[in-house]
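One chain, chain A, appears in both complexes that follow, with chain B as partner in the first and chain C in the second.
Presenting the complex of A and B:
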């Protein structure tokens, strides 16, 4: 928890929408929806703050470890080598306000889309147009 | 057929290997016999093709224009056995991984796509604004190409100006338009046709070009329309476009705006909303606001997946549209005239 986490390379792209975050892993084609709590934590991690420093400023009920585990499990972050970035006053205030558990929702819409619309003859990892393996 | 000299490509030092594909471009471009000029989103394209039959497709499907004296983008459709052909690319690794190739070329002037089953290559040089489409033989394109020919090359060219193609249909009334986004089966094409048959306009049923420099504006990129046989009959198109709407590779009728016999359509319109239709078999068509995140998740995945070698850019463009446009989930009714009237009222600002 005291090592900073880096985004798992340029394949990880994300956009924020009114506090919510949508993350895409370009290498897998998998989309993730983050609730506002998860979005704050993600932004802090992306800025180089280490999980241990985040935990120190969160309410005890907030389950950071499970969230970090989900990020690793979905290959969104890797352990970084650089020194962690300190927590800013602004971030401290944001962390103190978090009451919702950070949640990461996985969207497998792309797989559904491939099945639903054969013109879009996609493979989730390879993109389009690559014929998915015939089942 | 003349045996082509292989030009090996691999994910290592790919940009250096791609560069020679453009060798002799000027001479090859000039020698290609068939010329098609078209205009998309304020950009003049000039395509010359070694395959005359491919030019016929371009003329039918693309928004053709009078050739510009100084086209911003030139595209050469070349064949393996043309006299000036210097060789043919050959992927020398076991697999062509789109994402790896995209990442390898990200910071270079090049964009590249390869369809291995047809040995079909598309390459774009962002510095020169020149594109290549290499086909192993005449008509050697993937089955789906005829509905949106040169799609990747058009997108890569427009992406240089902050725009690009998005996977969405459109409906317009007067000087405003909405985008229609959603997965296959959501009713995009049927909604576009319902609108066209009842007085609305459209810039496309599957892809539109987007520019954002002076507000969000949608532009016609392709004149093609498609509809499954059920919808085709339901909309009364059987007699209307008889004999001009052959079934495409996926069993859908494919035809053009011209075949539909509707009045001349606009080239571009400002966009006022993003609509996410779904087939609801509702008594009447209704619009309900949705979040930017929901709109983004309807718009982005298919477009990002379908246009290779520019996925991060498409992701960002879709995010900008979702953030800047109000979005609505549209529960579609069953009567095409009612659906069209609902969209007309929505576009006119008089919807309840």
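Presenting the complex of A and C:
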């Protein structure tokens, strides 16, 4: 809990639309809706704050561990090596106000369509598509 | 066999368009028309399309995106059965015949796809490329009436993911997506095509598509 979390790779992308956070795993095609509590925690984690520091500023009833577990289970984050970012005053105030349990909605209704999309056929770093080993 | 229209949206596709058009014209039964929608290309796309003559029609528009170009082609198409092909991909012999037969059996509330195999631009297809379900525009064949149930194809910001959005909406409207278990089309991999590589703006297009789907799901679940 004292290590910061990194996104589990370039296939994890996210954006807020009118305050509504959506996270997409392009490699599995699953996407995730975050309730407002979860969105605050995700933003803090994405900024490099470690879970232990978040926990210290949350109401005891907020179940951070289950939320972090869900992020790992869905292959959205991995433990990183860099030093965690400190909690800002602004974030501290946001964390203190959270009363709702953080929740993830998981959707896979578009997963086959997203996985079939040509984006998966290339590797930009290589400059050529990754081809599976024959045999 | 009913006649059908082929729609090829094309943006700066001079390198690949001729092969794509030829692969469509070579089908049996032959298409009644092949509509190339030149989406504001700055290369020779238009002159290559115009040079074919016969069933190949050229429509040019200012650049509006692949979804908009597809809709332009649909609006111009005369037949009730529509088949689509991206300007960098290819059909294999027998593709349309099998799809028409399937569509005849299952009816117009099915979108009919095939499997696709990858090949690299500039190298001959060696038959060894990755095979995947071609849930994409390049293998889609459908009855025009399906569009009335789904609504138009809309380009998201970033101009990627428009077909994911549209196929998702098709399912929500109760249409079936059938993938024939044969490789009947080839997907060309080439640097510089719209689908090649990754960038933040394109990812944003995908995110908008899934966010819109999420809002529709939440609305459906919410008590009225």
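Everything that follows uses one rule, which is that the second predicted complex is superposed on the first by the 109 of 135 C-alpha atoms of A that agree within 3 Å, B and C clash if a C-alpha of one lies under 4 Å from a C-alpha of the other, contacts with A are read in each partner's own complex, and residues count from 1 in each chain.
By definition in this document, a residue touches a chain if its C-beta (ideal position, glycine included) is under 8 Å from a C-beta of that chain, and two chains touch if they have at least 3 such contacts.
Note that this is a predicted model, so its numbers are computed, not measured.
Q: With both complexes superposed on chain A, which partner does A:27 reach: first (chain B), second (chain C), both or neither?
A: After superposing on A, A:27 lies in contact with chain B but is clear of chain C.
Q: Should A:107 be classified as contacting the first partner (chain B), the second (chain C), both, or neither?
A: both
Q: In the overlay, answer first, second, both or neither for which of chain B and chain C A:10 touches.
A: both
Q: Just which bits of chain A does chain B share with chain C as contact spots?
A: 10, 13, 15, 17, 20, 22, 24, 26, 31, 33, 107, 109-110, 112-113, 116-119, 121-122, 124, 127-129, 131
Q: Flag every residue of chain C that touches chain A in the complex, lowest number first.
A: Checking each residue of chain C against chain A gives 118, 120, 128-130, 132-136, 160-161, 163-164, 167-168, 171, 187, 189, 191, 195-198, 202-204, 206-211, 213-215, 217-218.
Q: Flag every residue of chain A that touches chain C in the complex, lowest number first.
A: 10, 13-15, 17, 20, 22, 24, 26, 31, 33, 105, 107, 109-110, 112-114, 116-119, 121-122, 124, 127-129, 131-132, 134
Q: Where on chain B is chain A touching in the complex?
A: 97-99, 102-103, 106, 115, 117, 142, 144, 147, 183-185, 250, 252, 291-293, 296-297, 300-302, 304-308, 311-312, 315-316, 319, 322-323
Q: Flag every residue of chain A that touches chain B in the complex, lowest number first.
A: Those residues of chain A that touch chain B are 10-11, 13, 15, 17-18, 20, 22, 24, 26-27, 29, 31, 33, 107, 109-110, 112-113, 116-122, 124-131.
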